[in-house]
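Shared between the two complexes below is subunit A, which pairs with subunit B and subunit C, respectively.
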Partner chain A sequence: MSLLAVSNLTKRYRRGGKSIAAVDDVSFHIDPGETLALAGPSGSGKSTIARLVLRLVEPDAGRIEFEGDDFLALRAAALRARRARLQMVFQDPLAAFNPRATVARVLDDPLRIHGIASRSERPRRIAALLERVGLAAELASRAIHEISGGQRQRVAIARAVATKPTLIVLDEAVSALDVSVRGQILELLLDLQRQERIAYLFISHDLGVVRAVAHRVILLDAGQIAESGDARAVIDAPRSAIGKALVAAAPRLHGTRR
Partner chain B sequence: MTALTSIRDLTVTYRRDGTAVAALKNIGLDVVTGERLAVIGESGSGKSTLALAIAGLLPAASRIDGRIEWPGLGRAPLGGRDIGFVFQDPSASLDPVMPIGKQIAEVARTHLGLTWPQAYAKAKNLLERVRLPDPDSALLAFPHQLSGGQKQRVAIAAAIAAGPKLLIADEATSALDTIVQAEIVALIRRLVAEDGMTLLFISHDIALAAELAERIAVFRHGQLVELGATARIVDAPAQPYTRALLDAHIGLDAEPLLNRSGLAT
Partner chain C sequence: MSRFRRFLRTPEAVAGAIILAALIAMALSASLLFPGDPQAIAGPALLPPFQDWSLPLGTDRLGRDVLAELFHGARTSLAVGLAAAAAALAVGSVVGTLAGFAGGFIDEVLMRITDAFQTVPSFLLALAFVSVVGPSLGIVVIAIALGTWTGPARVARAEVLSIRERDYVASARAIGMHPLAIAFREVLPNALPPVLAMSSVIVAAAILTEAALSFLGLGDPNRVTWGGMIAEGRTVLRTAPFLSIVPGIALVLTVLGVYLAGEGIVETTAVRRGLQ
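Presenting the complex of A and B:
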């Protein structure tokens, strides 16, 4: 059974008097422990799909099944409980946190809200989470604005895994990181996936990164699926016009365009 | 080749909880008029601090030692007019409650002395130049109605609206797809070639920096470790740190990180 099954998802927006289909009849599924990447040009609907899957916005049409249940039918308490298993990491963690909160506080909240650990147990859990993402325990007392961007992204991942999710939505989560930190965070995500069979919906413009970490990829264009398949096969030999254009335009370090 | 700006012995120190953090140490660097210079280096190495120092935008609590001179300008630069700045976080450059057409038009009106109708026409033209689809409706849109990459393009349009001598782009293309990225690169090349603009391009994407820049400066721990022609830096880096940065790049031919056998799908 699929972990997440999305069928015929559609979302329209009005802007400047016009209606645009940000997501237009999109269907896909993700299996447990799998990484599905979403790539495609700017404005093709990637972030809108992420928000729909997380139920941060409601679709105009379509169905989302998560862990076998009709996710769109879940209300209040049931939805809150289920959210623990469906987490997110976005591009700018600073925007997602209160910058004055301490790292410990940021990690304590999900453990408390979802009743995952008792008050006395939580400091130990927080230390374990920090260790999991390769951060020193003394970072716990620092404010979010007092740590570097790469460290902040690790805290965001620690927070996301705190509630033992089965799926994490990552929207450009590594785009703003430098190459060495990016590599470390990708390794960390893959380790977590191997250990706990976490699935990822991985949104990125970086086709090299998508090729290196994803099992499958969907290429979107104007809200619709242009092409999908094995990540390496698609990126090495795209068939759709948009796939060819995206790959052809990717910068190469040594100017060796294939 | 005159230096547009000449940086000598620049040291920038931030104060944090009573302690001083040196973000840049004794930097000496010329940005040559009409060149495309890229700055690369790990997170926290001082790239944004350098950009802010050149633009005169460092926070009041920072301490600046050394000199930043403007021989290519013959006077001190006027912010917004002489220097266009695209910030690392696109939402930092945009006002959330003002339609984006008005935001761009305002820059053109203030610095170029245009009337509102002229400034709006200019804004529309700029949105076309950064390849924003449907510029007419985009002029009326608010930032939250745009995707990440669309916002980034609006920020670039606003930064070039006044025809600056120097464009500083701090991680300005990280949210763009490769096609738009290539178009922005072409646009920046045209602005440099035709309008005599100079570019300071900060990016974590080393391949993109190499494609766009004629020279690359490599920063680490607040110091300039290496500076040279792009081909020399990429093909024959003198410093092990530069080599490590290049090796960490995940290109289209990189070995997959994914251990397929370890995952059941």
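Presenting the complex of A and C:
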């Protein structure tokens, strides 16, 4: 059974009086421990799918099954409880945190909300989480704006794994980082996946990165699935027009190996 | 520290701060320097200022010490002004945050209520409220706050509308935080700066409204108020103008001080934010 099964997902937005389908009848699934990449040009609906899967916005039609349950049927407290299993990392690690927060508070929230650790136990848990993502425990007392972009994204990952999720949605999670930091963060993500069997919905416009980290890929075009399949097979030999265009536009695709 | 230094380099702000400090000193020292009832008879009636150094500002129609009244009046003015402004800012921020964050029906209802309050001139609202409920310090505070919370509510709502679309609010939802916790822990503190920037104007207006209510005899009768002193002095305006002029000057200086100091703070913090 798959971890996440999305079927016929549709989301329309009104723009200038007429409604446009940002996501149009999209179906896919993700297995436990698997990385599924979503790629496609800007405005093709990648972020909208991420937000739909996380129920940050509600779909107009379709089904989302998560861990065998009808995810869209969950209400209020039941939904908040289930959110522990399904986490997200955003593109801009500065915008993703309350500007007044400290690292400790950011990591304390999920532990407290989901009752994962008692108050006295939490500082130790926070230190362990920081260590898990390759940061010094002393960082806990710093304000979010006092640490580097790469460190911030590690904190975002620590927050996401704090509740031991089975799926993490990564919306352009490495796109804002410079190349050397990007490599380290990807390494960390792969390491976490190997050890804890976390599945990723990996959104990226960088086909080189997708080819390196994803098992399967879905290419989106104007809210619809243009092509999908094994990541390397699709990127090495795209069949759809949008796939060919994306590959042609991607710099230095060759030589990246997963 | 540099914020403080920048504040010091703004002459208006420093002038405001000095006036405000003097005022606070007056309010705090009132019962030390002038113990006992400031409304008690202290000497002959209508003694002009600078005649008798035990009564430096003279006495009023009933022989009460004007300087003592001035000090105790500072206390009322400041207390009412600050309390009313704090209440207005608190209520406004909470209403604005709830409206902006909840959206939909709740927003609609809260904003219609805000409209309703805003269409009535705030002074009339205060006047009506005190006339109906009766004058006491607490009631005057509520009466003033009733007419002033709508401004902060609108500003807070506008700010919240932009903040609620930010990623960190989505993050808070994604980790399963309760919507009320998101509204009041994540959103409200970040929506506060522009709301707090209104506080100097609100405090100044509240002090003036309190004075006006007292002038009309709707202040707390057990307290000395500057508005009440001006009203008292009006009856002998020809013969003893100082009785109205002294509290009038105090009122003008206070409002000016609050406004200048408040603007100075906003200015220096805004500059700082602009530089970042």
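Basically, the second predicted complex is superposed on the first by the 251 of 258 C-alpha atoms of A that agree within 3 Å, B and C clash if a C-alpha of one lies under 4 Å from a C-alpha of the other, contacts with A are read in each partner's own complex, and residues count from 1 in each chain.
One rule holds in what follows: contacts are C-beta pairs under 8 Å (C-beta built on N, C-alpha and C of every residue); 3 or more make two chains touch, one makes a residue touch a chain.
Since the structure is predicted, the reported quantities are computational estimates derived from the model, not experimental observations.
Judged by the number of subunit A residues each one touches, B leads among subunit B and subunit C. Judged by the touch definition given at the top, the superposed model places A:Ser19 against neither subunit B nor subunit C. Shared-chain residue A:Arg194: touches subunit B; no touch with subunit C. In the superposition on chain A, A:Thr163 makes contact with subunit C only, while subunit B stays out of contact range. In the superposition on chain A, A:Asp109 makes contact with subunit C only, not with subunit B.
Of the two partner chains, subunit C is the only one that A:Met88 touches; subunit B does not reach it. In the superposed pair of complexes, A:Gly208 makes contact with subunit B only, with no contact to subunit C.
In the superposition on chain A, contact of A:Arg100 is made with subunit C only, not with subunit B. In the superposition on chain A, A:Leu56 contacts subunit C only, with no contact to subunit B. According to the touch criterion, the shared surface of subunit A, contacted by subunit B in one complex and subunit C in the other, consists of residues 92, 95. Subunit B meets subunit A in the complex at residues 16-17, 41-44, 88-89, 91, 133-134, 136-141, 145, 147-150, 153, 171, 174-182, 204-208, 210-211, 234-235, 244-246, 248-252, 254-260, 262-265.
On subunit C, the positions that touch subunit A within their shared complex are 166-168, 170-178, 186, 189-190. Listing the residues of subunit A that touch subunit C in their complex gives 51, 54, 56, 79-84, 86-88, 90, 92, 95-100, 109-110, 113-114, 159, 163. Of all residues in subunit A, those touching subunit B in their complex are 13, 15-18, 31, 33-35, 39-43, 47, 91-92, 94-95, 146, 148-150, 172, 175-183, 186-187, 190, 193-194, 205-209, 211-215, 232, 235, 245-247, 249-255.
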